[in-house]
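The structure appears below as structure tokens.
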């Protein structure tokens, strides 16, 4: 277990735990065990834990990227949870998704907002304050 | 001139002025005069000036979206400038672009970083502190 | 209620009513009530109701955009319905989807055609004349 | 020379000739001679010349697809020319591009509109009537 | 039935039969009967059966393209099967998907790997050797 | 200098040297020095040098991914060079690009083929054998 992996796991813990990522990781453990290790080491240990931006700021960039990519529901669900864990209020997450409209278009934003609503509902955050 | 347009222009002023947007707007004025008006009214007057996230947070979402979209150099240039005007340090902008690697891939990030470098150079911000 | 909203609602009525859009709008009403309002005002009140192209011509552009975007099933379903309401025959809708093959590739077109088939089936339009 | 190729060439003639396509075809003739042949046979001979939609309607779908794809300037230039040749007025082409805003986002539309302006300028169509 | 169609069907046979493609073809037969014919003729008869690369090499390119496109599950499922039929071991398919990470990003790769796992499971190839 | 970096550099050497990558790396050294290090460590040290596929097979996947992404000319140029260094003949590279047509569409393929032609020309490989 590398230092990068340890750092990545620690970062994921700060973001509320592996959560839905864990399910994706476990589901592929017998086929591509290195995939989840590389995701933890690289995406969290090398990138997300860098200095210069805090976790909430990083999640805003990630939300912009994932909304625009489209069709990546598990990651969007995970990162909406991470955004909340990083201290963004649910309404701030809603605003982040709204902010993507002029760039990614309405269809991508409707899809992302439906996922956000589901995350909020799962966490008993509805109705929003 | 609508209230939404006035609000959009005011927001653009806070973000350092229309700057490179102005060039794009003027270049299309004789073909699609409504395009720049709609961009100001909708993207800035309706969306960017909403409460719930500050300007710097909104620019982080936009950077994530534009890096991922790819091939939108004038907008990326304009929004790197807006990110600086909204109070993000050049190093924070670099970090925002780095954060996109695991989601948008290296090629999109190299392209975006080259644009950021050019914006920094134009503003005599190199070498970075 | 703005004039833009009224114009947007009127345009949606001409296109057969909000239909599947309504479901998406209602599902997000407690999380992002402004999202559906902005979609009606901007996408329909500002853009779709502009002069210079009729509703059927606008739906052809939208079909090209949505097929290419991919992964936006609810919008594709809604706009296939709008295309029919705007006077395009089912076979013209099929042809519009076929026309995207050389640009968006076969996989996006197969996905779009499967949605079109479902819309036709829901409206008892099968077998096609 | 197949019947499909002949049909494709005839269709391209109706659309104002191969024009900018010809430059792309010739530039690759010594590396991938089959590429332009397949484009003529398939995109024009098999698809564009199908019954059920007229040439102008097909160009509207193609514009929606190309604007959304992004980064395909030579094709967008060629198809804006084809749209004019198929009988769409310059203002109708402008409207087609405007119609993509809510789906493909502003950046893609600004890029497409700049190309349209250049095509209009090359053909002495400015200022638009 | 054209020579191109015959060649395309033969190529699909070498790749393990139409398999999941057949379901997509049949499902659309009453709406767009030409779509599956064109896919066989063009994608398999014109392109896949060209000399200069063997079938396994072609499937590697297709995997790279489909992973990056995203949201094209039926085609990815079909081509993972074709890759196996063309002689790539399951572990080579896993490696091909891993190779896309730096370019298409982790989310697209997780989605593709989940489909690969399902194909392997359906064929009793788990646990991988 | 990590073992992963050393492994990455070694892999790049096998692929003909950093070449055009070097220019991109150097150009960003004063702004984002970690970006090129991470690219070498992760894309080459962690991924490209994995067992299970040889370098030429990996370049075929990468070509499929980059052609589909679009707008990533420097990377496409670099990887066409890598494909040649990995033992693929120029005609095999042409075929790999042709193979993307049914999935990524003609416009992306025309753009990629023009880049391939330039790489071949720079290396005095024209006319192709």
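Read from first to last, the chains carry the letters A, B, C, D, E and F; within each, the first residue is number 1.
Operating definition for what follows: a contact is a pair of C-beta atoms (placed from the backbone, for glycine too) under 8 Å apart; a residue touches a chain by one contact, two chains touch by 3 or more.
Listed by chain with UniProt protein names: A, B, C, D, E, F = 4-carboxymuconolactone decarboxylase.
Since we're looking at a predicted model, the values are computed, not measured.
Show which chains lie in contact with subunit C and also with subunit F.
Where subunit C and subunit F share a partner, that partner set is A, B, D, E.
Going by the touch criterion stated earlier, list every chain that contacts subunit E and also contacts subunit F.
Per touch definition, common to subunit E and subunit F: A, B, C, D.
Which of C-D, B-E or E-F has the same interface as C-F, meaning more than half of the contact pairs match by residue number?
Duplicate interface of C-F: B-E.
Rounded to the nearest 5 degrees, what angle rotates subunit B onto subunit C on CA?
180
Please state whether the interface between subunit A and subunit E is built from the same residues or different ones, using more than half shared residue numbers as the mark of same.
Since fewer than half of the residue numbers are used by both chains, the interface counts as different.
Looking at B-E and B-D, which one has the bigger number of contacting C-beta pairs?
Answer to which pair has more contacts is B-D.
So, what's the distance in Å between the C-alpha centres of subunit C and subunit A?
Centre-to-centre distance between subunit A and subunit C: 30 Å.
With centres defined as the mean C-alpha position, give me the subunit A-subunit D separation in Å.
Roughly 39 Å, centre to centre.
Can you compute the centre-to-centre distance for subunit A and subunit B, using the mean CA position of each chain? Integer Å is fine.
Chain centroid spacing, subunit A to subunit B, equals 23 Å.
I need the residues of subunit E touching at least two other chains; which ones are they?
34, 38-39, 42-43, 47, 50, 66, 69-71, 75, 94, 98, 101-107 - these are the residues of subunit E that touch more than one other chain.
Which residues of subunit B touch subunit C in the complex?
34, 38, 42, 46-47, 50
Where on subunit F is subunit B touching in the complex?
Of all residues in subunit F, those touching subunit B are 24, 27-28, 30-32, 34-35, 38-39, 43, 66, 69-72, 74-75.
Within the complex, which stretch of subunit E touches subunit F?
The contact residues of subunit E facing subunit F are 39, 42-43, 47-48, 50-53, 57-58, 60-69, 75, 91-92, 94-96, 98-104.
Flag every residue of subunit D that touches subunit A in the complex, lowest number first.
Going through subunit D, the ones touching subunit A are 102-107.
Which of the residues in subunit C end up touching subunit E in this complex?
70-71, 94, 97-98, 101, 105-111, 113-114, 116-117, 120, 126-128
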